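One structure follows; several queries about it will come next.
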């Protein structure tokens, strides 16, 4: 009887999560006695994810590793899962501490916040106006990164002026409208920062369409395979991301650690994540996997073939 | 399902039974409706085949259109069975039959809307098939249908030419020619006053009917069918329609004319064909047949329709209306209705009588005026209020305002009386059935069960449900709006007899009607309305038709 | 008086002018011709979809599956393009029209042959078509990178100073105008909506007409599928999710009566423009995007209320005649 | 009519109870439900477990509560597309109340009253201004949720009191959750109202012929107004449940619930054109939808593929009787 670990994602079909699933399968192979259930709703809503969690509870899986659509709304369902003896961890997009045993951040939140600003600032030696195009207003991780970015902005990047934060809901049409609105409202805009893979593509396409390549730089978090085109055409100088394969891989390792090896998830504990190394839990039982990795003209070709 | 079969046969009994009741001399109203002379007919509702005039072969001419052996059934209803009919060029054939005899069904078969289950249609001796309305146009068949086939939001020209609009070289619609042709058609009909560009909904009801006629005329037809074309026309327009028919006759068109009014049939028709229960029971030349003979074929026995004579015992005023006004529809309406009285309301179609009655029964709002019932002022804000007070309105449009198709008979009957048949809002089916049974059996309804959907009943039987449901509320005043509109002669007599019975019991009746004989035959007094106002009130003692018509039309004596 | 419909459109046009005026007060550049041209371009897809929906609504039906059709067809052409970049774009557009047509015809057949109310049929196919998108794609997205430059570039190419997308919208508007005013089919569509039984007597096959309008809305959905995907350069299962209500809202604001028979090409176009302008303007005049929903909702309610006022029968006015006499 | 020759007797009904029960819509639904239940128990070993079955009910209870009121509304010939938006607005208002320090009873009252208010707003627009409900509620759907977005923006309300969690997460007895209990009670109440009271009778009459109903003394506008209020009320109740179940409020809560509730009603045999339908049908349809989604969920079938099944089920179940009648009717 193999250990069943469910990798629950925000929505199916997203290239980022498909890559994470690759990593999860890799971890399962390494661990030997693990079956991965890769699942999630098709619409990125909390209600749909709860139904998925309920069916996993009924299937008596051993562990649930979830990237949550809503940090709070999923708590009751996940609590129920824990009550029924299922190990629950969150990864990528977290759940409030009472709804999981530990959380794996893809990277350090503060570091990501700093990186997304730095990506814009690196190409703006004189400084100037930038705007953020985020995913949905409820996305936990994006909100955390944006908060972190705002915090370090005055001290580290005094010349960068953040003029607006808008939300494209990870919907390409809405993201496009919002990006256009930004360009119209702020004629002096020098960069659009989109810390989401859908938004960043939409923004880069708008910059391309409006012939603003060279005037407005699009940056943020992007999947190399989806974004290569825009690095090539110059609408973006550089973007960053962590390795989603490693993320899925690590999530499965952590779930296995807690569910099977019975390692205790408590502040200060150090857990192994296979080939990626080790993580240490902080006082909210969160850990960060690795610093974000930067893609630009020099390396995008190579990584676009991987994820 | 079973009901359908039944509704087609027993009109005999329907009219006959009140008559036999009158023979017993109990109620005193029916004694004069000597409808039933041939009692044998009562005993045997299926008389062996009725006298059939030897068919006159169109006085030497070959028929333009022949139907033979046509049958048509709907689920549970045999509408037509093995009927035949011939139409001759330059002649008007009247198609006569009770409600539900199958007349309109035959019209729909001839115009390609229904497909017959069996039978042959030939034109000029050649068998044809009419798979669609278009095919019928193609064979030169055009019709004015009983139901409205007009389009409120389209222009007059388009209403006339929809489906056969003139085209340009590119197969697109040629609006210019269409307008021109529409004008021509209207002009030749003497309806030149209608602008081809107005939207249909901006026309009055009579003009709408003229457009319907124009639509039929716009097709270069050789066969013209008119299914009750005069039902909504006033006398003047009927005269114009007859002139048009004469003109069509002279052009050599073959015409089929359907009407329940015998004066019209004798006025315009050359030949007749009679249907009963979906079968052809007689045909011949109209000049060879008397009315009583045709009625006998229609109903299966003789009906001599004389209005019931009543000993008018008119009491104190029950309903007093004064100064009732509406911003656009009527003004300063005032009259009194007494206990045991039938008050007739006469006027041309569109005079506003229905609007006044709907205002009295709370359905439309008034701008000023008072209504008092038995001396107490009432201000009904809805039909529910007026029913509660004791005034009920039996509407004119049975299908739209009267019956709730989709609900069974007993639920239709109990609908206005639900307060009485339920207890603190909880239904009591036994009470409902009892109420429905009491009133439907009294009206001699023909139905297989009280749980049957009213939609499966024939028109006459639906009318009985409508009357039953309002009578069941035990009203003080009952307003009947055109109670016999579109109803055949047998049912008409039954309704009249019933009205007489109601007033004898002390009810007060307002009867809105556009039919002179009915008004003259039934009312104690007559209110004449013209263009939203009361033109005059007459006592029926020595009233004559001419006075009424003159007053209604506003022509000085 | 002579033409009630035109009346309504003039009002809508006036409302749009006022709206643009108001926006320009906060953001002067908004009424620049260049910007307005862009707003038109941005609204093109909604306009095209609204026209497709219009013909359906005119026959007293409704097509809730248009956005799902768009999603499915978009995915099909995107996958075709990704797999065979050599297929010329005009051929892909034909493919989009055909796929859309098939989906529309399925709706139409169910409505015509089985007599199921259109709202039920399209409520069902709404989920079926979107689900089918998931099935054919396996849930995977098609990204900008997988689409050929021609696929993405066509609608962006500028011809006589205007992007091809706008030209396509203008062409569709012109075709619908011809259809509705100059062809027998167009007039039958109105007739079926105004009086279905009457239409039968006038020789119009009501069921077939409904079938045809669903085919039209299907083809429009297919065309919009290609346009949408090549515009937003991503094909996924979530494309245009919930957009069917925007399409219907555009029709309603444009004065197309949900009870059938009333409405015009101009109305549908203006209704879509109205929504397009709001969507475009909110970000630039710095109204929080969170207001957008409430504003368009209020606009819909206001529009129906005003339209109903215009349509209301002012009684038969028996008395006027008396006064005139 | 004192004495008449014995009038023709018309029977109350021509009873053929067995065959009419066998060929009824509900019977068809029972067959479908049993079939799906059987397939589920074969397909997944986890299905036949009391807790699984209990969890299953959460997939439909909230939507079904709305569907009951919606069924009455649709039978009367109207529709309400704004129910999910009402949930969002009511939940937002409850969130505001929490912020203001309200306790559980106040929260419940706020949720229900906001729902009722929204329903009344719809009802007023439809009955007073005589507007088509489908359009009005497309408008209020955006309006209500839009207001929730204006209030909440990108924020969330949380911190609901612990006792509030009972409504969406609590169990009344063993595996019987409070939601399931409420669903059953509501089903009985709605069944009674629709099929056993004069109010219900009037709803049917309005749906079949509003004008004739009005002429017969039915206060059509008042009843329609009440039905919109009821639908709003049920949405308010659903809002309490879902807010309690999620323990938090976002303006995007309950997205798409309106179509699922309507699907349930239509699948339950209520005529979308008004005038016909039964509560039993809706109850069965709710179970069917729950069985399908949960059963496929156990097989880890993505939600969107489940929706294909629901869509197909809707069309097939409606088409079947039509095809059957056509076959039997010959030709």
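Letters are used for the chains, namely A, B, C and D, taken in the order the chains are written, and counting of residues starts over at 1 for each.
By our rule, a residue touches a chain if its C-beta (ideal position, glycine included) is under 8 Å from a C-beta of that chain, and two chains touch if they have at least 3 such contacts.
Bear in mind that the values here come from a model prediction, so they are computed numbers and not experimental data.
The chain with its Cα centre farthest from the Cα centre of chain A is B.
Across the two interfaces under comparison, C-D and A-D, the one joined by more C-beta contacts turns out to be C-D.
Between chain C and chain D, the centres computed from C-alpha atoms are 30 Å apart.
Centroids built from CA atoms put chain B at 75 Å from chain A. Chain A and chain C have CA centres that are 36 Å apart. Among the residues of chain D, those in touch with two or more other chains are 153, 255-256, 302, 304. Residues of chain A in contact with at least two other chains: 12, 42-43, 137, 167. Along chain B, no residue makes contact with two or more other chains.
Here the chains touching each other pair up as A-C, A-D, B-C, B-D, C-D.
Only residues 81, 125, 129-132, 134-136, 138-147, 149-150, 152-153, 251, 255-256, 259, 262-263, 266, 272-273, 302, 304-305, 307-308, 310-312, 314-315, 318-319, 322-323 of chain D touch chain C when the two sit together in their complex. On the chain C side of its complex with chain D, the touching residues are 62, 110, 114-117, 119-121, 123-128, 130-132, 134-135, 139, 237, 242, 245, 248-249, 252, 258-259, 288, 290-301, 304-305, 308, 312.
On the side of chain B, the complex with chain D involves touching residues 2, 17, 20-21, 26-27, 75, 363, 382-384, 386-388, 393, 395, 400-407, 410-411, 415-416, 418-419, 421-422, 425-427, 433, 437, 440-442, 444-451, 469, 473, 501. Listed in rising order, the residues of chain D touching chain B in the complex are 1-5, 7-14, 196-202, 204-205, 207-209, 211-219, 275-276, 329. Considering their complex, residues 11-15, 18, 42-44, 137, 166-167, 171-173, 176-178, 180-182, 184-185, 198, 201-202, 205, 209, 225-230, 304 of chain A touch chain C.
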